[in-house]
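Consider the two complexes below, in which chain A is the common component and chain B and chain C are the respective partners.
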Partner chain A sequence: MNFLLPNEPGSAARRFFLSSAIWLLVGVIFGLIGAIEMVDPDLFPAHEHLTFGRMRPLHINILVFGFLMTAFFGGFLHVIPAVCRTKLISERLANFAVWFYNAIVVAALATLPFGLTQGREYAELIWGIDIAILAAVAVLIFLVFGTIARRTESLLYVSAWYIGGGLIWTFFVFAVGNVVWQAPHGSWMGIHDQILLWFYGHNVVGLVVTPQAIGLAYYIIPRATRTPIYSHSLSLIGFWMLIVMYTHTGTHHLLQAPVPQWLKVLSIVNSISLIVPVFAFLTNVWLPLKDRFSRVFRDVGAKMVFTGTIWYFIVCLQGPYHSLPSVQRVTHFTQWVIAHSHIALLGFGGFIAMGATYYILPIILKRDLYSRLLADFQYWLMLIGTLGIFLSLTFAGLIQGEAWLMGEVVYRVLPELKIYFVVRGIAGVMVVTGAVLFVINVLLTILRKTPPLPVEGSEAETEVAA
Partner chain B sequence: MIHMNARIVGIGTAAILVLIFFAVVVTPRYTNPMADQPSMNHRARTAIEESGRDLYISLGCQYCHSQYIRRIDWDTGAERIAQAGDYVGEYAPQLGSSRNGPDLSQQGGEHTDDWHAAHFYNPRYTRPESFMPPFSYLTGTELAGITAYLQSLGGHMADQRVARQWQWRGQATAAYEAGADANIEWLHRNVPEGWLRVPNPYPITEASFLRGEVIYQRHCLGCHGPVGDGQGPAVRFIYPPPLNFTTLNRHGIEGGATGGMLYYQIMNGITGTAMPYFKRELESEKIWDVSNYVAKQFIGIVDANTEPRGIDAAFEPVDSAPVQVRGN
Partner chain C sequence: MFVPIWLIFFGSGLIMAVTTLVWSVRSRQFDDQDRARFLPLSGLTRDELDEIPSTRRGADFVAYMLIFGAGLAAFLLCLVIVLTH
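Showing the complex of A and B:
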C-alpha cells in the first residue's frame, strides 16, 4: 500500500515527472522512426506495426497525452498546494491518478500500433481509453479544486486560474470532441464532423496544453528569478481573452475546405486577435526581468521554461500568419505546418514540461539535481534539435507550397524534399539523445540518496503585483 | 480589481466554453442544409468499399493523403473542387491535414487495379521516387477492399472512369493474349492518325538525352525496366505486362513516326492497362525528351528532328543539323 499509494507529500508529483520523462523518450523514438521512413521507406521491414501511418499517431498521442500531460500533472500537484499555501487534498488519490493515467498511456501504446484508432487526428484513441482519460481528468479536477478550496492564501494566484480552468476545459473539450457522440468513433457524420474535430483538435493545443504550460511558467519564472509578475490586470486580460478567442479558431484548419464562410472569417479574426492574450502573458513574465535577466539562467529548469516562452512567442507569430487565407494558399497541407506543430509542442509545451520537471523535482526532493552539466547539455541538444526540425521543415514546406501553387504535382516535388527530411532526421537524433539524458538525469535525481538541502526561504510565488 | 476565485475560474470559464461551442460547432450543424444534401457526384459505398475505408483509416493513409480538392489545386483530381455534400453519410470524413502524397478524393479510375497492386506492394515499383510505405503484407481480401475503396473515391465521376478502364481493359487483354505483334498493332491502332505522322521535333543532343534518361529513371523504370525490356520489378503484378520496347524494333514502325506515336502514348497513357498518363507530371518538351530516349536507347529507330516537321522545337541548338525554317 505504501509503495503503491504513498502518503508522503510530493510523491505523486515525483512519479508523474518520472513517467513523463520516460514517455518523452518513447514518443520521440516513434517520431524518429517516422522521420527515417520518410527518408528511406524500405529501411525497416515492411510490417504493419512499423508503418508510418501507425507510427505517426503513436508519436503524437504518446507525446501529447503521455509526455506533456503527465509533466503538467506533476507540475501542478506541486504548484497548486504551493500557491494556496496548503497541502494537497489527498496524496493517495494523486498517487492513484499516477497509476491510472499511466495505465491509459500504456493502453494507447497497446492499441495504436494495431490499428485500433478512431481515425480522427488528435482523437485517435479508442472510445474506452477516451472514457478513462475523462475519469482521470475528473480525479485531477477534484484534487486541484479540492486543494484550492482549502487554501489559506486569500489571493488566487494566476497559475491556479490557468491550471484549474485548463483542467475543466480539458474535460469539456475531450467530452464533446471525442466521446459523447456515436460511441464507437465519437464523430459526427459528414463535413459537420470536421468542424467538430478541429474545434476539438485546436483546443487540445489551445485549451489543454497552452493553459497548463502558461500556468507553470507563471509560477516558475517569477519564483526562480524572485521577481513578481508585471501586472494583475494583464493576467486577467490574458486569461479571459484566451478562453474567449482560442475557442473560436478551430476552423482556421479548414480555411480551404467546404465549410461555411462565416466560420472561416470568425476563425481568422480570432486567430489574429490571439496576439493580445499571448503578449499579455509574455509581457507579464518578461518585462519585470528587464534588468535581472541573468537570474533566469541560475536554474536550468527556469532556463528551459524561459526558452519555452520564447518558442511560444515564435509559435504565436507564426500561427496568426498561417491563419491568413492568402498565406495558407501556400502553407496549408505542407511540412511548414508540421514545423509549427514541433515548435509548439516540443519548443513551447515540451520545454516548459522539461523545465518544470527540473525546477520542481529538487524542491520536492529537497536535494539537488543529479547533474546540472547533463541538464545543460540536454538543453542545448534539444534546443538545436528543435531549431533543426523547425528550419528544415520550414524550407521543405515552402518548397512544397510554392511548387504546388505554381502547378507542380506532388510527385515531382518529392526529390526536392529529401535533403530537408535528412536534416530533420539528424535534428531528431539530437532530440532523442536529449531525451535519453533527461530520463537518466530524472531517474538518478530521484534515486540518489544525498542529504537534503537546507529548507528554502520565503516563497515568492504569491507575490502578485497589485 | 476583479478578485478571482475558484467559482469564477471553474464555472465562469466553463459557461463561456459551452456558449462558444454552441456558436461555432452546433450552430453550423443546424444552419447549413447544403452539408446534409448529397452532392450530384455523391454515391453511397458498398460493403467491400467500406471495409477498405476501415483499412485506410487503420493503416493511417490519412496522415499523408488529403481528401479534398481546393480552388488552387493542379494535381490529381483537380478537375473537381470539393463540396460539402460529397461527405454526406460518412463518419469521420478523412479530409486530412497534410499532403505528403497526392490528394485522393478523386482517385477512382485514375489507375487500374493492377497498378494499385504493384504500387501497394512497393510504391517504388511504379513510382521510383516515392516515399510512401510498402504494404506488401496486405492479404488478398484486404488489398481487394482497399483498392475498391480507392476506386470509389470520386463518386459518380469515378465510376465513369472506372467503367471506361474496364471496357478498354477487355480489349487490351485480348490483344496481349493474341501475341506480341497483334498487341503492338492494337496499341498503334489506337493512336490517332495525325500523331503517327509527327516525328520527334527535338534533335537528340547530349543534354536532351541525359534529361530523357533522368525522366525515364524517375517515372518509367519500375515497369519498363532499366533496359527497356518490360522486366521492371512491377512486372509480377501487372497484366497485360509493361511493354518490352525492344520488340518495337522488330515490329518496325512502318509508315509511321516513332516520335509522335510515343509522345501520344506517354502523354495519354494506355487506358485499361497499368500504363499511366503523364500529361500532368511532364510538360510537352519533357515528353519529347523521354520519347527520344526510349527510341534511341531501347527501340533503335529514331526519327528525331526529321521531316515532316509537325511541331517546332522550343529551341534549336546551333550545333545540330541545319534546320529548315518553315513558313516564309
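Showing the complex of A and C:
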C-alpha cells in the first residue's frame, strides 16, 4: 500500500514527472519512425503496425496525453498547494491518479498500433479510453479544487486560475469533442462533426495545453528569478479574455470547408484578437525581467520555461497570421502547419513541461538535479532540434504551397521535399537524444540517495507580501 | 439534435463562467492585486530573496535571437508568396 499509494508529500508529483519523461521518449521515437517513413515510405513493408498511418496517431496521442499532460499534472500537484499555502488534499488519491492515468496511456499504446481508433484527429482513442480520461481528469479536478478550498491564502494567484480553469475546460472540451454520448464511434454526422472536431482540436491546444503551461510559467519564472510579475490584474484580464476568445477559434481549421460563413468570420476575428491575452501573459513575465534578464539562466528548469515563452511568442504571431484566408491559400494542408504544431507543442508546451520537471523535482526531493551539465546539453539538443524541425518543415510547406498555387500536382512536388524531410529526420534524432538524456537525468535525480541540501523555501517562512 | 446539445453545452459554459466571475468579485479576488503579484515568492527566506544571481549567458541570448530570426524569416518568405500569387 505504501509503495503503491504513499502518503509522502510530493510523491505523486515526482511519479508524474518520471512518467512524463518516459512518455516523451516513447512518443518521439514514434515521431522519428514516422519522419523516416516520409523519406522512405517502405521502411517496414511487412508490418502494418509500424506504418505511417499508425505511427502518426500514436506519436501525437502519446506526446499530448502521455508526455505533456503528466508533466502538467505533476506541476499542479506542487504549484497549487504552494500558492494556496496549504497541503494537497490527498496524496494517496494523487498517487492513485498517477497509476490510473498511466494505465490510460498504456491503453493508448496497446490499441492505436492495432488500428483500434475512432479516426478523428486528436480524438483517435476509442470510447472506453475516452471515458477513462474523463474519470482521471475528474480526479484531478477534485484534487486541485479540494486543495484550493482548503487554502490559507485568501487571494487566488493567477496560476491557480489557469490551472483550475484549464482542468475544467479539459473535461468539457474533451467530452464534447469526443462526442462521448455517441458510443462507441464517438462522432457526429457530416460537417457538424468537423465543426465539433475542430472546436475540440483547437481547444486541446488552446484551452488544455496553453492554460496549463501558462499556469506553471506564471509560478516558475517569478519564483526562479525572484521577480514578481508586472501586474496581477493584467494576468487576470488575460485569463478571462482567453475564455472569451479561444472558444470560437476552431473553425479557422476549416476555412476551405463548407461551413457557415459567419462561423469562419467569427473564428478569424477571434484568432486575431488572441494576440491580446497572449501579450498580456508575455508582458507580465517578460517586462519585470528587463534589468534582470540574466537571472533566468541560473536554473536550468527556469531557462527551459522561459524559452517556452519565446516559442509561444512566435507560435502566437504565426497563428493569427495563418488564420487569414489569403495566407492559408498558401499554407493550408502543407508542412507549414506541421512546423507550427511542433514549435507549439514541443517548443512552447514541451519546453515548459520539461522546465517544470527540472525546476520542481529538486524542490520536492530536497536535493540537486543529478547533472546540470546533462540538462544543459539536453537543452541545446532540443533547442537546435526544434529549430531544425521548424525551419525544414516551414520551407517544405512554402514550396508545397507555391507549387500547388502554380497548378503543380501533389505527387510531382514530393521529390522536391525529400531533402527537407531528411533535415527534419536529423533534427528529430537530436530531439530523441535529448529525450534519452531527460529520462536518465530525471531517473537518477529520483533514485540517487544523497543527503538533502538546503533547498529554497525550506527554512522559516518569510513574509514577502508588500 | 445537434443544436439542442450545442445550446446546453454553450449555456452551461456561460453559466459557469458568469458564476465564477460573480464569485470572484464577491470574494474580493480583484482587490489587493499588488500583494497577489508576490504570491509565488512566498516561502522564500530573506537570504534567498536577496541573493542576486549573476549568470550572464551570451549563448542563450544568441539562441533566442535565432528563434526570433527563424520566425521572422518564415513570416517574410510566406508574405512574399502570398503577395506574388
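Note that in this section the second predicted complex is superposed on the first by the 452 of 466 C-alpha atoms of A that agree within 3 Å, B and C clash if a C-alpha of one lies under 4 Å from a C-alpha of the other, contacts with A are read in each partner's own complex, and residues count from 1 in each chain.
Assume contacts are C-beta pairs under 8 Å (C-beta built on N, C-alpha and C of every residue); 3 or more make two chains touch, one makes a residue touch a chain.
Source: prediction; values computed, not measured.
After superposition onto chain A, the partners chain B and chain C occupy overlapping space and clash.
In the superposed model, A:Trp188 lies in contact with both chain B and chain C.
Look at A:Leu387: by the touch rule set out above, it reaches chain C but stays clear of chain B. After overlaying the two complexes on the shared chain, residue contacts for A:Tyr218 are found with chain C alone; chain B is out of touch. By the touch criterion defined above, A:His248 reaches chain B but does not reach chain C. In the superposed model, A:Ala135 makes contact with neither chain B nor chain C. Residue contacts after overlaying the shared chain place A:Gln318 against chain C, while chain B stays out of touching range.
Contact with both chain B and chain C is seen for A:His232 once the two complexes are overlaid on the shared chain.
Residue contacts after overlaying the shared chain place A:His47 against chain B, while chain C stays out of touching range. Of the two partner chains placed by superposition, only chain B is touched by A:Val39; chain C is not. Across the two superposed structures, the residue set of chain A contacted by chain B and also by chain C is 155-156, 158, 168, 172, 176, 188, 192, 232-233, 236, 243, 247, 329, 405, 466.
Against chain C, in their complex, chain A makes its touches with residues 82-83, 85, 153-159, 168, 172, 176, 181, 188, 192, 218-219, 222-223, 226, 228-233, 236, 240, 243, 247, 294-298, 303, 307, 310-311, 313-314, 317-318, 321-322, 326-327, 329-331, 336, 339, 347, 380, 383, 387, 390-391, 394-395, 398, 401-402, 405-406, 456-457, 459-462, 464-466. By the touch rule above, chain C contacts chain A in their complex via residues 2, 5, 9, 13, 16-17, 21, 24, 27-30, 32-46, 48-49, 51-57, 60, 63-64, 66-68, 70-71, 73-75, 77-78, 81-82, 85. Considering their complex, residues 37-42, 46-48, 51-54, 56-57, 115-121, 145, 148-149, 155-156, 158, 160-161, 164-165, 168-169, 172-173, 176, 182, 185, 187-197, 199, 207, 232-233, 236, 243-244, 247-248, 250-251, 253-254, 256-260, 263, 266, 329, 332-335, 337-338, 400, 404-405, 407-412, 414-415, 421, 466 of chain A touch chain B.
Across the complex, chain A is touched by residues 1-6, 9-10, 13-14, 16-18, 20-21, 23-25, 28-29, 31-32, 35-36, 57-64, 66, 68, 70-76, 82-84, 86-102, 122-124, 127, 129-137, 218, 280-281 of chain B.
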